[in-house]
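Have a look at this one before I ask anything.
Naming follows writing order (A, B and C), and every chain is counted from residue 1.
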Amino acid sequence: MASSTLTAPVMQKGIHGWNPCARISSNARVNSHRTLNCPLSMSTVRKPHFFRAHPASINPPHVSASQRYSLDTKKFPVSCAGKFQLDDVIESQQFDTDILNGIFEVAFEMEKIEKNSPGSNILKGYLMATLFYEPSTRTRLSFESAMKRLGGEVLTTENAREFSSAAKGETLEDTIRTVEGYSDIIILRHFEGGAAKRAASTATIPVINAGDGPGQHPTQALLDVYTIKREIGRLDGISLGLVGDLANGRTVRSLAYLIAKYKKVKIYFVAPDVVKMKDDIKDYLTSMGVEWEESSDLLEVASKCDVVYQTRIQKERFGERIALYEAARGKYIVDKKVLDVLPKHAVIMHPLPRLDEITVDVDSDPRAAYFRQAKNGLYIRMALLKLLLLGW
Amino acid sequence: MASSTLTAPVMQKGIHGWNPCARISSNARVNSHRTLNCPLSMSTVRKPHFFRAHPASINPPHVSASQRYSLDTKKFPVSCAGKFQLDDVIESQQFDTDILNGIFEVAFEMEKIEKNSPGSNILKGYLMATLFYEPSTRTRLSFESAMKRLGGEVLTTENAREFSSAAKGETLEDTIRTVEGYSDIIILRHFEGGAAKRAASTATIPVINAGDGPGQHPTQALLDVYTIKREIGRLDGISLGLVGDLANGRTVRSLAYLIAKYKKVKIYFVAPDVVKMKDDIKDYLTSMGVEWEESSDLLEVASKCDVVYQTRIQKERFGERIALYEAARGKYIVDKKVLDVLPKHAVIMHPLPRLDEITVDVDSDPRAAYFRQAKNGLYIRMALLKLLLLGW
Amino acid sequence: MASSTLTAPVMQKGIHGWNPCARISSNARVNSHRTLNCPLSMSTVRKPHFFRAHPASINPPHVSASQRYSLDTKKFPVSCAGKFQLDDVIESQQFDTDILNGIFEVAFEMEKIEKNSPGSNILKGYLMATLFYEPSTRTRLSFESAMKRLGGEVLTTENAREFSSAAKGETLEDTIRTVEGYSDIIILRHFEGGAAKRAASTATIPVINAGDGPGQHPTQALLDVYTIKREIGRLDGISLGLVGDLANGRTVRSLAYLIAKYKKVKIYFVAPDVVKMKDDIKDYLTSMGVEWEESSDLLEVASKCDVVYQTRIQKERFGERIALYEAARGKYIVDKKVLDVLPKHAVIMHPLPRLDEITVDVDSDPRAAYFRQAKNGLYIRMALLKLLLLGW
């Protein structure tokens, strides 16, 4: 159930003692990550958290600043001792605004790498395994493009379900222990909620959750927030209209969760009655001091928003209730009339794929941001691959 | 329907104002193609044709000759200003003899690259997406080998049908807009005729048609003509025997169409009655001044031909008419008896896969050219990738 | 049938006149292997054996020792003239102890390459085609990782069955002739016993058998023997307990076959009655002077062994005899009690995947070697790719 995807805010406390000055030099990577990869140490190395404390020994003092990957270091003073590193990307609850901002900065660097050169080589020699237990071509291609744009290599499987469990009954944990022997990072797509967390606690190499059933899809959540930042220029003070299937939509729920971490956010919910936003998110927003309001007037909401985030009504959620689906589907459409009232600086977003909930004639408007949003998924994934394999 | 794949010759007029001195320096590639890739310019950049006029600005004057990809430039004098570039490969009608000869020259260069070095790096940093809505392993592996032989990288999907349309209803256009954000060139295989043209008019990066349903498969047509040139040494004055399923065979129809552009060509059609060559191609050949003749005597035809092009009788076209299929299938077999009358300089071609329409004992004869023909597909595709990504 | 996988020892005689001083310099590789790849020579080059005599001409005298791939040459004196090379890997019967030891040395070098650098480049420019007629994700990923760790590139197909035979009826031989035009080495997984041998006799490039139906899976056999060597430090004088499905298990049969080539080996068979080791292997072991014994007491066997090799009872072999399967499945379990009696220096092995025939609480014991064993598959495959493409 989607309602189980975001646990109460209290539970997230304490899991990220992230320190922005943490870093691991690219020079040290071979030692740290290859050692973890060693089968002999398998049973002794276990990661308690998504963020792991690194012993000082893996950050050798003889590494000069110039040997590090060139990032703007102004925000990350090198004077403080490194303590934490991003080890896995499992769920939205991992991220506070400091980490988000750090990731977004790296993602912005990645835009430059992709535009100004015929590919980077910073991940040359690294192997990523895309272990997909259910196909998701869009997500898979985005990750694989990210890895290859950075000079890395990819092992792909789209039928991991056949690989292990069904016919032969291997556990996910055993599969992970095998695949980690062949690769340096695992991108996992699974049909079961919680699968990514299980994989991460087994693996001695980084794991990124590329969607686990009704559970989490954290890289989608990150790219959504990054798109708002890139398109509008800020995250504090944003007015956001969430439209469509708010009950089942994993993306809008995660977006609401993350955007609540910023200041003075206002959220409008515009949804057909059968797929209204659930109370857990509303309660959470209230507890975070986020102003929210439900509305049935898309035009009025659009006239007041920085971002209108449209989503697809998911037919598969309605079963045989076809009439109900058809009614819900046609109710809130983003079309030229919405563009007419939308502020000039505002944008339309959509996680894609879209059916007709945004009409095609909207595409040519500069405020139609959804294909740029998809592209931002590439930069976010490039950033995460870089951060998990080379460190900050 | 196959009869719709080649429109009347009049309709092709004027679509290719190709100029052999057109070129784009490899130095300029980042600027031109990466700019097109930028999501922000998406709605303003639209390609009217398969050949696009390039503004002078993308061919900067400071690029010296030595910085360009080393091609024999005698046939392409640099003194004239570049005007046109090959933007997409969609259908056979794009190609006149000048373009064909230009492509063939590059393909011949590619044979040397493949043979003399452990791979080239001219496409290093480029990403090709093979977006296959129906599987075609032979074609896919050929394209992917071509890209990798040139140092490029590949994103693969063989189940693009699942990706978008079926379950979730995304349009091909939306899929293209997403995938173009992850890659530099798209190889499209689709089950619908015209899909490649739609994709090309949407995409801001090059698209190559790898077969769209009953429509076109232009790279197969190019490799067939290239094979004749490589095996016989010329295209003018060729005698060509087309054998087998001439009614449904996409390849023989395209080959007849392209070879008609050369001088003093003679074509013999040898087909069972139920799958005879259709009138549209015959009329077209007549209008182009190509001599053609139907025959039921394969041995006599073989004795007069430079090329015997055998094709498979496609069972799937006969439905429940099994007896008719069996009769057609056994009628014209290329075997030792055909070799006995075939001129010494002549060759046997076949688009593959073959069943028993060429007997296995023919394979060891030096005139059996069909596996070399398959290999030529690699060189043609290397050439097209080079031309579409780096220019002439 | 599995009983047909290992022919009588007499039949293997004479197929491997392998000479440990054979080598081909890496400098010569382009000439030899690219020439073979040339379509024009296709009909004249045929390989009679898995080990091919090389004419002196491809081992040019002007290649200095320093130009060769750095292997410890003490065991392979360069003073004798090179005569044989490993051309294909098709079946366990190819390997005598000299070849095994040679491969293991290269595999050990590969461990260092993988651990100490961000990837090697010795296979840069080489293309491997994984032609899988049935999916086997574990084996495929292992081969692809091996190729990429050495800087090579990969063409993948997991649905080769659709590629050729089923719908269109192409022979395996024709498919091989096409694919060899696109790649430098073929990894074949097939559903028919003997398919790899057919492919190798057709191909002008090396072929590795990645499992052909009930037939052979020689790289699994090699990695098993290599694991014993790496874990225990020797192969002579080994005591080996083979547990589980010994009637159908391809791996235990191959392992018994190969280990018999070493001195003073002792084998214990521990199997439920319905899946006991067959007589052909017992007779073979006796003929090779290997001591063997059947036991129903796993604990007693474990207390005397250097290696306990557990296998999965394969449900699919029992058809509707579910009760029989359940009884067999639960009979011999490797658990904490086995660990209690197992010597300190001994190890537990398993070809994976496992169900519950090894309990999960065994995993954390340092003597649980099965994930290291899977990892050794990577090194063995790296070694074979290196040997087949570059020579010794």
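Here is the rule we go by: a contact is a pair of C-beta atoms (placed from the backbone, for glycine too) under 8 Å apart; a residue touches a chain by one contact, two chains touch by 3 or more.
Listed by chain with UniProt protein names: A, B, C = aspartate carbamoyltransferase.
Every value quoted in this text rests on a predicted model; they were computed, and no experiment measured them.
Contacts between chains leave no pair untouched here, as each chain touches all the others. If you lay the C-alpha trace of subunit B over that of subunit C, the rotation comes to 120 degrees, to the nearest 5.
Chain geometry summary: the mean Cα position of subunit A and that of subunit C are 40 Å apart.
Residue positions 156 of subunit C are each in touch with at least two other chains. By the touch rule above, subunit C contacts subunit B in their complex via residues 30, 34, 37-40, 42-43, 124-127, 129, 153, 155-157, 159-160, 162-164, 167-170, 174-175, 177-179, 181-183. Within the complex formed with subunit B, the subunit A residues making contact are 115-119, 135, 137-138, 140-142, 144-145, 148-149, 156, 158, 312, 352-355, 363-366, 368, 371-372, 374-375, 378.
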